[in-house]
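In what follows, structures are represented as structure tokens.
Look at the two complexes coming up: subunit A is in both, with subunit B in one and subunit C in the other.
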Partner chain A sequence: MSSARPDRHYLLRQRDVPDIHQLEVYRAHGGYEALKQALEANQPDQLVELAKASGLRGRGGAGFPTGMKWSFLPKDGRARVLVINADEGEPGTFKDRELIEGNPHQLIEGMIITCFAIRAPESYVYVRGEFLHGYERLTAAIREAEAAGILGAEVMGHPFAHRMFVYRGAGAYICGEETALLESLEGKRGNPRSKPPFPAVAGLYGRPTVVNNVETIMNLPPLVLKGADWYRQWGTEKSPGLKVMSVSGHVNRPGNYEVPLDWTLAELIEAAGGVRTGHQVKAVIPGGSSMPCMPASQLDTPIDYESLVEAGSMLGSGGCIVMDDSTCIVRAVARVVRFYRNESCGKCTPCREGTYWLTDIMDRLERGDGEMRDLDMLLDVSDNINGKAFCPLGDAAVGFLVSAIKHFRGEFQEHITGQRCPLGARQYDTAIH
Partner chain B sequence: MIQLSIDGREISVPEGTMVVDAAAKLGIEIPVYCYHQALGPLGACRICLVEIEKMPKLQTACTTAVREGMVVHTGGPAVEKGRQGILEFLLINHPLDCPVCDKGGECFLQDYSFWYGSGKNRFEESKIQRQKDYPVSDYILLDQERCVLCQRCIRFLGEYVGEEQLMLEGRGVHTVVSTVEGQPAHSPYAGNVIDLCPVGALLSEPYHFKARPWNIEREETVCSVCPVGCASLVTGRDGHPVRLEGRPQPDLDDYGFLCDHGRFTYDFVNHPARLEQAFLDGKPASASAAVAAVGERLARVVEKSGGGAVAVLTGAVHTVEEEWALAQFARESIGTSRLAVLKPVAGDLPLPLLGTYADLAAATGVLLLGADPYEAVPVMHLKLRAARRAHPVAVWGLGDRVLTRSTLPGEDFVAEPGQVAARLGVVLGGEALDGRWAELRRGLLETERLVVLWDGADPAAAALLAALAGQRGERPTAVLPTHGPRNWLGAVRAGISAEHAAAARILEDAAEGRLEALILLAADPLRDFPDGDLAARALERVPAVYFAGWFAPEPRHALSAMLPTAAWAEVTGTYANMEGRLQVAHGAAAAPGQARPVRSLVTALARAMGHPLRLPDFDPFQDQDGDRIARPAKQPAESAGAPARPALPPGEWRVLTGDMVAVSHPPSEIAERTREPLPLRLHPHDADELGLGAPGGLIEVAQGERRFVAGARRDARIPAGRVFIPRGLADVPANRLDHGAGVKIALADPVREEVAAP
Partner chain C sequence: MSNQQWPAEWRAWAEEVQATFPNATSSLMPFLHRVRSQQGWLTPEALDAAAELLGMTRQHVDSVVSFYTLFRTEPTGARTIHVCRGLSCMMAGADTLMENLEHHLGIAEGQTTSDGAVTLLEAECLAACDLAPACQVNLVYRGPVAPDAFRELLEMPVEEPPALARRAEQSGAQGAKGVADRE
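After this line comes the complex of A and B, so read on.
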């Protein structure tokens, strides 16, 4: 049985408290209490333990246990850095944007707690370039915090000094990948780096670095105040807690939903007002366009990390894209493949050339110029990318395509035999996009 | 050591070795594009996929370090499919240029497609069109369509050389290599990217459309331009050299990088100024007539005044065998012991200290003593940077100008002009040294393995170097001489003295009328001897000067005869580089006109003299010394300072000089493109005061009655009040100026100069 929806928001607090982006309002509603408590307790290692005990996992896509990531930092006395990934470029995902715009102080508070835990005198936020409003909100909040003595030479009277910098990206999806992000932050071309060395050992400017997602770190203030057990009341043993799911597509109320991680896809869609009246769900991508899609028959799958993997997909960043029966799956795939072609950084051969080729084939199919052998060729080319690219973007580019051919092969074939879209969908206008 | 198995064979390699290199040790070739040992892993091209047991996916052999017990398979269905997939991807946007591509037949995209490709083509869509024949420098063309984006070129210039002049532009499938801000890639090491490029994307402009692999001869040689003697391959076509490429020497840990001064001057052998025809008394003569006449005249001198009335100076650019033949000719046929190498510097390296490139690679401290490796011996600069990439190396510059640079940072100690050795003497003396100088002393004495790059300019430094080695005791000290000529150590091996005093004695004897004939083998005393005035007096006084070589020195009317000799790339023979290592070079071109090898010339001369010369067998490789020339054992040395120079009157400038291969390389029509129009250097403040524009302009350098005009560039590495004049510059012969006295400098009036020009 799924856990009940919490009676209030812990991350999207702006939904409950208007103007919480202002320091005064945030403080009036318990803001920076967690930080104060953490500083007073003065036991940074306990905070790392708390993160571990809570089972909190990274919300940027990979779901890596957060406390464990922090404890990978080498204990060699070098100054550490926290970098917040607010690049949020994954199609179907828009949670970090709303979190930063509406509740920036909780991010700042979470960052200072994290930095206190890992002893980082500096932190950076890499904000997606298009998020101008979020950038301004966050910068203003940092200025407020500085003026209030929450950031600077002292943090709320504690000798722990901390400086925070915000950097705007220049509009590349790949810069959400943590090592490409670090390159970009250093002013270089946003290409992923080889690992090892991992950022924990040699990250920003070679310093030991933790990269965490916005949402991940915003969990810290309530965690510090309420404890690991409180957090574990939601979700599963391995995937505890709450997750902000971005629901988009053919639902009645698209938007962000802060839900327990043991909910099912069906429950999530229900919360988003259900699918449009008169239509049925055709397919769902649960975790952003990088993930394989699932047919309607799998809607009972819970959204925790493990269950989605078992069902052949992944939770990813929690961007749940709902497609109803009016969707031309060929067109959807063509669009997504083109996105990855455009966003491939160009560093490695299979992703750079393979996405170009796949896009051309998909365009041909969509136009009605496809041939039956193209389907196997699509799968073969995908296989030549999958697992052979330098970074996960290569795999991401083919996840939806391969799953779509698996679940909807008939629809692909109809495009070929009928030489047109059986649903009458217009061809995607490549001159514009 | 880590033990692992590759294709069923066990091997143990040091920790940190990449799987690709471990496989290479077993003779198993894993294809690579982006990986290069000098650059380290990148993981971009993905061609090196291998299967490693217990790993779910294929792994790239170039980014995966070996681990104990690892089991690697470099073949099998999964690997083959993976590789075929990558090759297919690389070809989808690759043009069908093979028949017109300079690299056709020397291309790894062709080779790997042939070896590992599927042989099928499934791509029906259209290929992306990009820039072709895009000049990235004066010498290099880029064909963006052929590029496989391995980034070797970018990383070589940016990381290995430290001059970021190429970059990736655009994203995804639209990514291309381009220059930074449209500026040419003018690094003197840029030409290496042609060799590094695994495909036909980066091309040598001078070689463009010149030859195909099946109509060339590609022979192992060494660069002839400076004493680094970089290993290379010379390509000959129709009897002419048409290309020089780097040649890696894995057993010497040498990646085969060249500098562009060496790479693009091979055409000197076909330069219009090349001596291809014999001249006698200023008039063209047949080879036999000229040789007969010279032989007879020499015989008459010997008969009348004895062999001692003839002296021989060699410019030491011919092979060791040829220098040896010359020495035999001098001793046996003429009967003279007046035989010496003409060096452009007065210092004599104590040979026991002669170091190796391996010493440099292992050095913990490097002293640049008067030498600026970047300009004088460019690939030494790269070797230094490579050592630095491997482990920390302290670099100190001690000279009369700044010798470190942004790509080779270190501590500079600038001495008064002419006081470099004196300064070193003070440092070694150790008395009353202030902070920085005391640090230098500590560094020099205490660094574990010291290598000195010495320009040989200040003779007093020789004894000090020996003293330094003595003070360092057990800690190894090695010296690498950066001065020319190219094969002076080869001439030493051939039994010819390279001591400055030996050449000076010959010129003094000539100047004082004690010589009746002077034979110059590729030697130009007026240009190269440190005391140009002595050289001038000598040439004026000696009744006959016989020149043999490649480029006759000016003024030619002073030469009684000019006899052409075969040059580098036209003979097979041996050279010795600055570490005294003997290097074999093969010929790939034909000697033009009447030019012939020295051995043949001297036997003909001997015959004409009536003393046929039988040259016994000669092997430059001495068994007991392997492939390096013999070095005498160390002798203890006394340290000595140099006398201080008096202060200059105000308004006078100090003259500095040093080697610049950009100036000293042989005449080349290709290298004309990058000829430095402003070879002199002044401090920017001085330039401002003179009213010299940016980057520079013409100045007049005057001393007494002598006036010279040349272009000068602003350079903050030259201390104020000093003017740097590269050695061997025809416009301003630094060896004709008294460095102890000052010179006057003024802006040259370009209008007047133009009128004055003949």
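After this line comes the complex of A and C, so read on.
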């Protein structure tokens, strides 16, 4: 049985409290109380233990246990750094945009709590270049916090000193990969780094670094105030808590929904107003375009990390794209594959060349010029990318494609035999050559 | 060569970004963002200035600039429209929206009108699928923009970089539609 949706928002608090992006309003509604309590009543290690006990997992896509990530930092006395990944660009995902624009102080509070826990004197937020409004909101919030003595040589009167920086990306999906992000933050091209060494050992400027997602860290303030058991009232044993799910596509009310992690895809779609009248769900990508799709028959799958893996997909970043029966799956795949071709950094051959060939083949299938052997070729190229690329972008490029051929092979074949889209989908062609 | 040849504003910005980030290499992208938002695009002079003022090679500056889509090195319109072509936006009609804009402006995606007023670009997922079809005009979000409502992207007020406003004013008299040289 799914847990009940909370009667208020803990992350998307701007939905309940207008103007909460202003320090005054945030404080009037209990803002920075958690930080005060963390600094007064806790030792740093207790906060790491709290994160572990809560079962909080990374919300950027990988779902790695947050407290465990923090404890990987080597205890060698070097200055540590927290880097927040706000380079949100996974198609279907738009939660961090709303969180940063709407509730920036909760991110700042969560970051300071985290930095106190891991003993980091500096932290950075890497915001994607297109989030100009979010960047400005966050920068203004940091200035407010500095002026109020929440950041600086002392943090709320505590000798823990902290500096926070905001850094803008400039348009590159790959910078959402943590080592590419660190390269970019150091002022270079966003090419992924070889691992090991992992960022925990040698990250930003070679320092021990934790890279966490925006949403992950925004869980810290309520967690500190209410405790791990409170957090565990939602979700499952291994996937506890609340998750902001971005629901888009053919639903009546696209948007972000803060829901318990034991909800089913069907419940989530229902919360988003259901699919358009007169239409049925055809397929759902539950966690952003990097994840395999699931057919309508799997809609009663819970959205926790384990259940989605068992069902052949992944929760990823929580970008749930709903496609109804009017969707041409070939066209959808062609668009997604093209995205990864455009965003491949070009560093490694399987990804650079593979995504190029996949796009080429999908393009001719969409045009009605495909041949039956193209289906095997798509799977063969995918196999030569999957697990063989330098960073996860390669794997991401083939997830939807391979699952779509598995679940909708007939529709691919119809494009070939009929030499056109059976649903009448039209291929985009630039109007002027 | 002396740094004095660069505008005082750029010199001040270079000092500011170097003071902001404790590690100097991180100063390049913030500097480029500031110059870009002033000029609308990164002129060869701006790239030379970045290298010299921040103590980097011009090759390094070029290698960084060429990696990121927002760092454009060709003349860019006073109004830059990004149309998101991601999956959710495509499902909501983004392709038709793009086609309508192309026909109306008489340019193709990637081009600038000959009067320098509008640059039309496709964007990879703008992380605004709730606003599908989503667009940005000079990085300000707009959405949903129904394909037939494309004119709102041309009419919505924007803050124009001063350098661009000047150029559009100078060439605006011609008023002709057409394609500026891309290559």
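Note that in this section the second predicted complex is superposed on the first by the 426 of 433 C-alpha atoms of A that agree within 3 Å, B and C clash if a C-alpha of one lies under 4 Å from a C-alpha of the other, contacts with A are read in each partner's own complex, and residues count from 1 in each chain.
Criterion: contacts are C-beta pairs under 8 Å (C-beta built on N, C-alpha and C of every residue); 3 or more make two chains touch, one makes a residue touch a chain.
Since we're looking at a predicted model, the values are computed, not measured.
K.L.:
So in the superposed three-chain picture, is A:Tyr205 touching just subunit B, just subunit C, both, or none of them (first/second/both/neither)?
P.N.:
Once the two structures are laid over each other on A, A:Tyr205 reaches subunit C alone.
K.L.:
A:Arg189 contacts which: subunit B (first), subunit C (second), both, neither?
P.N.:
both
K.L.:
Given the touch rule stated above, what does A:Phe72 touch, subunit B (first), subunit C (second), both, or neither?
P.N.:
A:Phe72 sits against neither subunit B nor subunit C.
K.L.:
Which of the two partners, first being subunit B and second being subunit C, lies in contact with A:Glu90: first, second, both, or neither?
P.N.:
Once the two structures are laid over each other on A, A:Glu90 reaches subunit C alone.
K.L.:
First (subunit B), second (subunit C), both or neither: which does A:Phe64 touch?
P.N.:
The answer is neither, since A:Phe64 touches no partner chain.
K.L.:
Should A:Ser344 be classified as contacting the first partner (subunit B), the second (subunit C), both, or neither?
P.N.:
first
K.L.:
Using the superposition described at the top, determine whether subunit B or subunit C touches more residues of subunit A.
P.N.:
The partner with more contacted residues on subunit A is C.
K.L.:
Given the touch rule stated above, what does A:Gly354 touch, subunit B (first), subunit C (second), both, or neither?
P.N.:
The first partner, subunit B, only.
K.L.:
Is A:Glu122 in contact with subunit B, with subunit C, with both, or with neither (first, second, both, neither)?
P.N.:
second
K.L.:
Both subunit B and subunit C contact which residues of subunit A?
P.N.:
In subunit A, positions 172, 189, 342-343, 345 sit in both the subunit B and subunit C interfaces.
K.L.:
Which of the residues in subunit C come into contact with subunit A in the complex?
P.N.:
Against subunit A, subunit C makes touches at 20-23, 25-30, 32-33, 63-64, 67-71, 82, 85-88, 90-91, 95, 98-99, 102-103, 106-109, 123-130, 132, 136, 139-141, 179.
K.L.:
Can you name the residues of subunit A that touch subunit C in the complex?
P.N.:
88-94, 96-97, 122, 128-133, 165, 167-173, 184-190, 205, 246, 248-250, 254-256, 285, 289, 319, 321, 323, 327, 331-332, 335-336, 339, 342-343, 345, 428, 430-433
K.L.:
Note which residues of subunit B are touching subunit A in the complex, please.
P.N.:
Counting only subunit B, the residues touching subunit A are 41-47, 49, 56-58, 63, 81-82, 85-86, 88-90, 92-93, 122-123, 125, 128, 148-149, 167-168, 170-175.
K.L.:
Could you pull out which subunit A residues touch subunit B in their complex?
P.N.:
172, 189, 191, 194, 341-350, 352-357, 360-361, 364, 377, 381, 383-385, 387-390
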